[in-house]
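For reference, the structures are reproduced in the following blocks.
Paired with subunit B in one complex and with subunit C in the other, subunit A is shared by the two complexes that follow.
Showing the complex of A and B:
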């Protein structure tokens, strides 16, 4: 019997076999980047975005970019309980990894990675939400990562899904937030890196902005980058964010048409 | 028209002339009127609004429906379930409080909460302020506000006989309530 047996959860069978992946996972981490086959370094992965998939939630969105799959639901505005009187509302973001989301099983417990992604997404969304319209209230955003392919992609896709879900929930916003990641790999800028690509990168940047207003809401940088590389990354990301904005806009318009 | 749908952050083209009053769902930034919700902007009176049918938290002057959950000599606690004719999702009720001085407009000091409300009564009220950290302040000091649905001790739905009394159709007994005037009566 396992020592970390959790009787409050549905536990898997005692015997199990590893799943067969379509693409064999790489056994060794190589530090040499593998050239992209299906897209150019300046291209992002194709996005599938569907607002309003979770009917129980006030608003929701599902996003899929190849092997990154994220569902997001928005509840509220509901009354803040056990807090002091607050003129402005509160935006609460919670990120959860599904146990099967990564190559290694993730225990259904909150760890530091969930929280840092939640903070990054919350900071990306915060300038876009008109919280002064929601005194004494809390807006809860739940991001569930069903499949992860790189933490940068998770933050970017999570922010896009969360902003779409907020718009779907009818929360007043200044603008839609879109987000894009870029990595510096051997003096080149690779947009929207996968897990393997960001492992070989010198540094990565996640940029969130509101393209309709031309406002950057958040940037999250890791690793090493020269200033000129950073500026090139910002340029590449903000260009892609404008492209993503039209995807989000189309998705929201389609779902608004279906509702009426 | 479907093409008139706007998204958050999208500029709203306005006819030339003075800028209209801005209502819910629109905002102004750098002299440009923009949408903050997904919807079709239209005029409601003189103000430009994007209406939404999603539940929203109570605000001052919104009419709410709720049921009485708790009584004390000074106040009655209300669990708000409908705000401005839009029902809230189950489990996301707001709590309101009707203080004894807010029950009716006259003879405020003679109000006995127990003679105005009972647990489980459905009450229509008006939000007067955001209140304290816990609850919104609600008033019923208007003819059309007060108890709109109540059951008697015998369990039957009572009918109002005056603005202070309700009668049980089963036993004929009269119970005291602060009744709301039914709509459509002169």
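Showing the complex of A and C:
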């Protein structure tokens, strides 16, 4: 909490804390999952995807899956500065949380969670982009999380938005990347967990793949799960990724029709 | 420069009628010309009494057409105490308010804090890079802090227990799409987000030196409340640019902004009284106008630039207020 004074911003009091409530909801402490009301455990949250909203960017996408809201823009290919000659292009991914995106306020430059999400998204996208077509160039992918509901959902939705934005920018790719998360809760596999659900999970998996080519581009597993549970998670995720692929393709098609 | 005069530039919007291939070519030509000669591009449009995005010029200040469309959407972000999304044309700003509890300042023991900040992330425009706030963001935050600190929200209403506990409202705005006139959009987003805030009931317990809040809906005797906002003092911003000492352009877009000699911001309250005015630059040159060959001699053009902007802003305020009230209720 020390030296939070930043002369480049408007500063508030030295120290402030989020409000403390008398009756904290029980489920943040207990480990019993609350049954889903509006969807089955094998269902993902409905996706709203809109390419091309950010007119200043070469390509962009906005994705909303219930409470998770993410905007993504792509700039480039543009000249790589201050780097040695490189035959392959560089894919640069930056993720930022809006200060109001989580339960607690995200003061600028306080933690490194955004960087780990950026790495996960970059790894998911790298095998899909034909970087050898862009020597000496950088493709910048900027992601802003406006509202977060589970870090796994942020990575998955962020990767979908980023891949859509790359396609919207006309960057050469091998295929569209889609991504889905699953959690092992008690003995079951719950697809696309919310924050609350992943708090009660034994382990989670985020799987990114190119369904059109049948290739997995990234998988990120944390927590405890048996190999058979892991394989079951992969199966569940790759099935949903195929569904998401048609949503993304349709979204891109619609926006391309609107433009002409 | 004059040798390569292309035929009058056709804005992309009207291009759909001819065969799409030819239209695409024309649009590309126009885009390249704009990129190479932005100033001449804008001049040619203004000669035809129209702006590059199809708006009319403010000369006979009747029109709502001189301004871009405004959309306001409040309360869509559930993690914030209050939030608003504002779009002016393509410019998009999201603002969220986070309420936290702190100890009041020793000098003002019965006042809370209002902390507005703007972020211009690399996402919103190619001219920004990732990293600490740019100079533009710092200036913008400072300007908004001054305008919002004018008493619209009495800081004493944020006090929970004098000297011990008070609310601090972090008003953070993030620009998603930077297409000019970010100041007006951000101010509107901040005002609408503040109007949307619900503060939980809070009481200070001196025995344990802690402030305890009640979740809304748990105890009907301890309801959450809206902020105490002085409706008379709510600021609304209206920005103008002056191009080539001769044209007043309300609500400048990102392609016009770098070409402007003067930028003017008028801040009005809801009764159209002027709260603040800033003018950077000289304004319309009346000398130039009198001798200018092709400008008509209407009395309004001869008047002082600032006075004209204020009257344009007042005309616009009525329309804007209608819009805001529509979405807030």
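Keep in mind that, in the parts below, the second predicted complex is superposed on the first by the 235 of 260 C-alpha atoms of A that agree within 3 Å, B and C clash if a C-alpha of one lies under 4 Å from a C-alpha of the other, contacts with A are read in each partner's own complex, and residues count from 1 in each chain.
Heads up, the rule we're going with is that contacts are C-beta pairs under 8 Å (C-beta built on N, C-alpha and C of every residue); 3 or more make two chains touch, one makes a residue touch a chain.
It should be emphasised that the depicted structure is a prediction, and the values quoted were computed from it without experimental measurement.
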| said: If we overlay the two complexes on their shared chain A, which of subunit B and subunit C does A:103 touch? Say first, second, both or neither. | reply: second
| said: Taking the superposition on A as described, I'd like to know which of subunit B and subunit C A:84 touches: first, second, both or neither. | reply: first
| Who wins on subunit A residues touched, subunit B or subunit C? | C
| message | For A:75 in the superposed arrangement: first (subunit B), second (subunit C), both or neither? | response | both
| query | Does subunit B (first) or subunit C (second) touch A:220, or do both, or does neither? | reply | neither
| task | Scan A:256 for contacts with subunit B and subunit C and give back first, second, both or neither. | result | first
| request: Considering only touches as defined above, state whether A:190 meets subunit B (first), subunit C (second), both or neither. | output: neither
| Which partner does A:19 reach: the first (subunit B), the second (subunit C), both, or neither? | second
| If you lay the two complexes on top of each other, which residues of subunit A touch subunit B in one and subunit C in the other? | 75, 260
| field | In the complex, subunit A residues that touch subunit C | value | 8-13, 15-23, 53-57, 67, 69, 71-73, 75, 94, 96, 98-103, 105, 108, 140, 142-144, 146-148, 260
| remark: In their shared complex, subunit A is touched by residues of subunit B numbered 2, 5, 7-10, 24-25, 27, 29, 34, 36-39, 52-57, 89, 92-95, 130, 132-133
| List of subunit C residues in touch with subunit A within their complex | 20, 76-80, 83, 90, 92, 94, 96-105, 113, 115-117, 119, 121-126, 130, 132-133, 138, 141-142, 145, 168, 170, 172, 174, 176-179, 200, 202, 210-215, 218, 254
| task | Would you mind writing out the residues of subunit A in touch with subunit B in their complex? | result | 58-59, 75-79, 83-85, 128, 130, 134-137, 167-170, 172-176, 210, 212-213, 249, 252-253, 256-257, 260
